[in-house]
Amino acid sequence: MMTVVRLGMIGGGQGAFIGGVHRTAAALAGNWQLVAGALSSTPEKARASGAAIGLLPSRSYGAWPEMLERESAMAADERIEAVAIVTPNHMHARPAVAAMEAGFDVIIDKPLAGTMVDACAIADAVRRTGRRIAITYTYAGYPMVKQARRLVAGGSVGPVRRVIVKYTQDWLSRACDLEDNKQAAWRVDPAQSGEAGAFGDIGTHAANLVEFITGQRINSLAAELSMLSGRVLDDDGAALFHLSGGGRGTLIASQVCVGDANDLAISIYCADAGLHWRQEQPNQLTVARRDRPTEIWQAGSNRAYLAPELRAIQRTPGGHPEGYLEAFANIYVAFGHAIRGTVTDSDEPGFGTLDDALSGMAFIRACLLSSAAGATWVDLQGMES
Amino acid sequence: MMTVVRLGMIGGGQGAFIGGVHRTAAALAGNWQLVAGALSSTPEKARASGAAIGLLPSRSYGAWPEMLERESAMAADERIEAVAIVTPNHMHARPAVAAMEAGFDVIIDKPLAGTMVDACAIADAVRRTGRRIAITYTYAGYPMVKQARRLVAGGSVGPVRRVIVKYTQDWLSRACDLEDNKQAAWRVDPAQSGEAGAFGDIGTHAANLVEFITGQRINSLAAELSMLSGRVLDDDGAALFHLSGGGRGTLIASQVCVGDANDLAISIYCADAGLHWRQEQPNQLTVARRDRPTEIWQAGSNRAYLAPELRAIQRTPGGHPEGYLEAFANIYVAFGHAIRGTVTDSDEPGFGTLDDALSGMAFIRACLLSSAAGATWVDLQGMES
Amino acid sequence: MMTVVRLGMIGGGQGAFIGGVHRTAAALAGNWQLVAGALSSTPEKARASGAAIGLLPSRSYGAWPEMLERESAMAADERIEAVAIVTPNHMHARPAVAAMEAGFDVIIDKPLAGTMVDACAIADAVRRTGRRIAITYTYAGYPMVKQARRLVAGGSVGPVRRVIVKYTQDWLSRACDLEDNKQAAWRVDPAQSGEAGAFGDIGTHAANLVEFITGQRINSLAAELSMLSGRVLDDDGAALFHLSGGGRGTLIASQVCVGDANDLAISIYCADAGLHWRQEQPNQLTVARRDRPTEIWQAGSNRAYLAPELRAIQRTPGGHPEGYLEAFANIYVAFGHAIRGTVTDSDEPGFGTLDDALSGMAFIRACLLSSAAGATWVDLQGMES
Amino acid sequence: MMTVVRLGMIGGGQGAFIGGVHRTAAALAGNWQLVAGALSSTPEKARASGAAIGLLPSRSYGAWPEMLERESAMAADERIEAVAIVTPNHMHARPAVAAMEAGFDVIIDKPLAGTMVDACAIADAVRRTGRRIAITYTYAGYPMVKQARRLVAGGSVGPVRRVIVKYTQDWLSRACDLEDNKQAAWRVDPAQSGEAGAFGDIGTHAANLVEFITGQRINSLAAELSMLSGRVLDDDGAALFHLSGGGRGTLIASQVCVGDANDLAISIYCADAGLHWRQEQPNQLTVARRDRPTEIWQAGSNRAYLAPELRAIQRTPGGHPEGYLEAFANIYVAFGHAIRGTVTDSDEPGFGTLDDALSGMAFIRACLLSSAAGATWVDLQGMES
């Protein structure tokens, strides 16, 4: 058996959502072990949070610089090998850069950072230190999403013509939601989340899904973002976009669409088939053609028609649903393999790359610029500079 | 029993699609009888077509002017009372104006006309002659669409925030489709269909559905239309739009989306509920709220929770699906009641009005103008002038 | 064009359900015309009902014997050619036999009769007079049901192993339902409906669907029927059954299953595929195999993969839903073609035959006998004698 | 934080399916740690399997008696506290009894044992030793199944009238499947699985689901089981059954239903609502009533309308699908709480009890007896003796 990769976590203390998801994903992955953490920027809260999840007191640190320093000083076969950064967006860059400089690989929750400046700092550190980085674009971790990518890449469905993607939620649909949901307050505070709201939080997931499945980048877009009265960050918006390969699409992201929980849904119309996937029913991929019955491709480790590498990452045979946590775990599995050099799937890395992350940052900025200019068309190239 | 309304048909000869739908709808409606027709502009074909559907030879005319003249000369209780115009779009205006001038009410398939000039000519005739006109926006004939409209109008779901509508088909998805499908050739010929392709043919249905359910008009839009290489009319496109009440939306219309047959689907997100309807499963309306189970409202003449007027127009109790032809028939039923003065539902006319039709024409033109100008924003007001 | 078949109706007066369905189906079929009727056994009600639906007063008779006598006396090209019998079950046999003896073909709503004695009388008359008879097993009129039958008959899905069929409704789920629903009162009155309740009314539909799709007969069964306290006829029950070809199945019929409107659903598991169809979504047929994506076969006159004869009986292209009335109309269309000798589909008659009807009667009786004997196994062979 | 419960595993070596599921479930549960194992009855394979999953060599035993002996001798805060038995059915009783006698709590995969004699031996040991036992009836671990149970128990949906349950798979649908699937060979070998095939493997899951949701026992049944030619254990069958509370039902279990992966689906019709749940879409529960829109209850830790205890066991908010492994983990979570005395949900234990397990054994035996006697009715009471 491959030795498990030793993980340290920055952020994710009591009351946080995504930190717990990362920990469960790592446990489910099987090739990771969480051995250290600095779970909060408040030392007491950090230690209490560490105790609550069973970290050894000696490795539950009061602050992330302490963790990096003390872990670096340990024996090579004991110290952490990678750091998961699950802080609010504005707190991604400093620990990420420091962790890489200290010799650790890095996992960062999307988006890469709160601002393009921060994102560039991280990118510089990656290039400078040669460390590995993974961005947790969760939804690309679903096997049927990966299967869709392979269908497009394989050419059997023809070139992409039109993409329709939406990611809609309703947890901000009421004016009072900002007060009631302290846990998520940072997501709607520009000082912590960066300049975008829903488009940074979930629009970037939708954009990544488009780019992941099509194998293309979003080249240019015209977007219109808005927010409920009294808010400072976008909570809703829509965009027309062009793909680098020539296809066109529409993207909607909203956190005020009442009745939708986490409705990420995508249709990719190619010249010879339409592909449809919806996150809330993630174990099926619809492949529709003219002059043939519509096909429902179904997940499962025993599905002969799925790509062998995709069968291998599924834990259960067909009809035993896997879900969000398993998709998230798949990202950890893949990054663990990358770190250990045991990758067997050459099709795609299995986790969001730095390029994916920078593309996501450019997407966010382009949406903001376009919307501010009356939904005019904006190019994403050169957005990083 | 109400006396049936006597109908004459212009167009709809052998090989046509929508003419047959109108005839079936009229038969299903029960309050109409097709008694005369000029089914083609070629006299021999007109007569052969009339014979094929069982028209009396004496009332199967070789040309529509002949029909209008001869029918006008008959006794009042024998001659036709209304004319259904099911010709290609460029052939709507002349017979429509002539029919109204001859004292007949008029049913016209959407869009109102091939050009705004023609549309204005029809509008003038309506105002001048005082005749009734109905536009067959089929999908507003579905009971669950009408129920959605009532939910919005009733205020219980709150103001409209965002609309997502798509109408996608695939019958033009291959370059060769234009050659193979002679029956529909007129739809892609600018001389016959007018200046728009898919947006005139089905985009206008999607736009009408938005306006019908929300009770608002599309005020302005930014659209990008395109077509497969070698074509002259749009076969695909998308638009961002604003509603007169302040909500925003996206609209997609395409006839090259492979695998989609007739996929008209709409989501209307209001402040307190999301409404979802899809034409291919027309007998259910989804009403989703926060903090409550999602509701599936189901069609049926015996559903106590549906509006009484909507129960009354359904032919069967719940679980006995009604479909496209029944929706179409509902339009004929309603127009028949309007002609006889036996209307009982005061909520909406039950058929597309002249205003609806003109709004549809403005929508088409605005899409074309916006797309030609690089998807800039265009106002729909004043488009008719 | 084929001359329309002239129809007379017995039963179906004001307040009845199925009579109206037959009339709409005949109108939608296009090859029938309702020209006469004796719509009630009460002469005044018969005449009022006839007037309400637009029958000529001269051909709206006060009683069915009068209709048969007077119509027989008319000219051959004017008198009715067939009679639709839509009376309560106990009133099927006498008019049916008399109509056949008077030289008319007969359409009877299922089940064939209220008792086996009556059923045999009808069967005798068919054999004696040589008249045609059609039983309106509605659900076999759906194109996708016919497609399922062809898949089984064609052999590509292998022999039938297991069938799961249910037909559940809820309109009798409350004790008070019998009082409230006068229109349907006859269905729960043994004197009018015969000895079975739900199993006669809808169980027989489910049984016919099994036999129609599999091309086999139900050979033997063990059934347990029951009813809410205070009722005299079954309103709920289940059966295990064996098919003549060796497969096994379960059948559930109930009118007290709360929340189900008209939920007829069938799964036919064959050695190489499973077929699934549900009446409330009638335009799709699911074909599931091992090692292949599940296929959704979709209805539509333009679906290249459907049998040509089935494309021909559909009125609209894919994505334009047809429903219950269209399925019913298909039975009329087929019987009209049989009468005119213009049948083009040699696969199956398109309407329920006398054999189907007798099999249905045997099914009902076997269920009652089995249930009375404690759900013991009963053979259906020889049930008629 | 609660101290994790230390677990030893018997069975589940390389090539086994359910052992891995138990390990993943324990990891996902968070309140368990696998610290020891005797993963095979072949010592070398046991040790190799232990190494492959990262067990310490010192606690990876060559045989289960050795594990029980050596672990018993360890310090109380170090030795295992419970044993998971994931061997073929015929190997449940001996290690279970020995483990309980050695002072360990026990988790056993369903069914309890291969024979009633074995089951009684386990039951005796439970009563004698006072140890805790949990049976992993996986599907009762799904939150929406638990919600269905609460709806029934709460009385708002009225008494249960009819249950329809099916559990169908297709992995044995071909004659050759027994040869090809070595991993599952024991399931079809009477010496290892016991006297039942599909009914022991999955029929018992279906029966438990019925009993769990209704809160009643299956009292009596008539079943007909069969198998493909050449097999010795049932691979398909159906039963009529009666519930202790008076309702009736049908149950189908099959491993030869082509196209079905793991299709466990249940409908519970009560006097005031119908409840519907399907394992392949486990995050929704349909609640259908007359005169109200059908409700889709959706899973999620943030769904205000779900029981608080059920919200608490979910890991993610609505729209982030949880699946089979999470349901399985819920059983471990609950049993861990029972062992630690930290149970907070008083509604039901959260895992299968001894009574549930014995009821399952009686169900299996009753099915076999009934089928052997020609599907006659068999009482389940007294089956254990």
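A, B, C and D are the chain letters, set down in written order, and residue numbers restart from 1 in every chain.
Everything below uses one rule, namely that a contact is a pair of C-beta atoms (placed from the backbone, for glycine too) under 8 Å apart; a residue touches a chain by one contact, two chains touch by 3 or more.
Here the structure is a predicted model, which is why all the values come from computation and not from measurement.
**Student:** As a test of understanding: of all chains, whose mean C-alpha position lies farthest from that of chain C?
**Tutor:** Greatest centre separation from chain C goes to chain A.
**Student:** Among C-D, B-C or B-D, where does the A-D interface recur, judging by over half of the contact pairs matching in residue number?
**Tutor:** B-C
**Student:** If you average the CA atoms of chain A and of chain B, how many Å lie between those two points?
**Tutor:** Spacing between the chain centres: roughly 43 Å.
**Student:** When the centre of a chain is set as the mean of its C-alpha atoms, what distance in Å lies between chain A and chain C?
**Tutor:** About 55 Å separates the centre of chain A from that of chain C.
**Student:** Pull out every residue in chain D that's touching 2 or more other chains.
**Tutor:** Within chain D, residues 260, 287, 294, 298 contact more than one other chain.
**Student:** Within their complex, state which residues of chain D touch chain A.
**Tutor:** 1, 4, 17, 20-21, 24, 27-28, 30, 51-54, 169, 171, 260-263, 279-283, 298, 300, 302, 315-326
**Student:** Under the stated contact criterion, what part of chain D meets chain B in this complex?
**Tutor:** 287, 291-298, 303-305
**Student:** Would you tell me which residues of chain C are touching chain D in their complex?
**Tutor:** Of all residues in chain C, those touching chain D are 158, 161-162, 164, 166, 168, 170, 173-174, 222, 224, 226, 236, 238, 240, 248-250, 252, 254, 256-260, 267, 269-274, 287-290, 294, 374-377.
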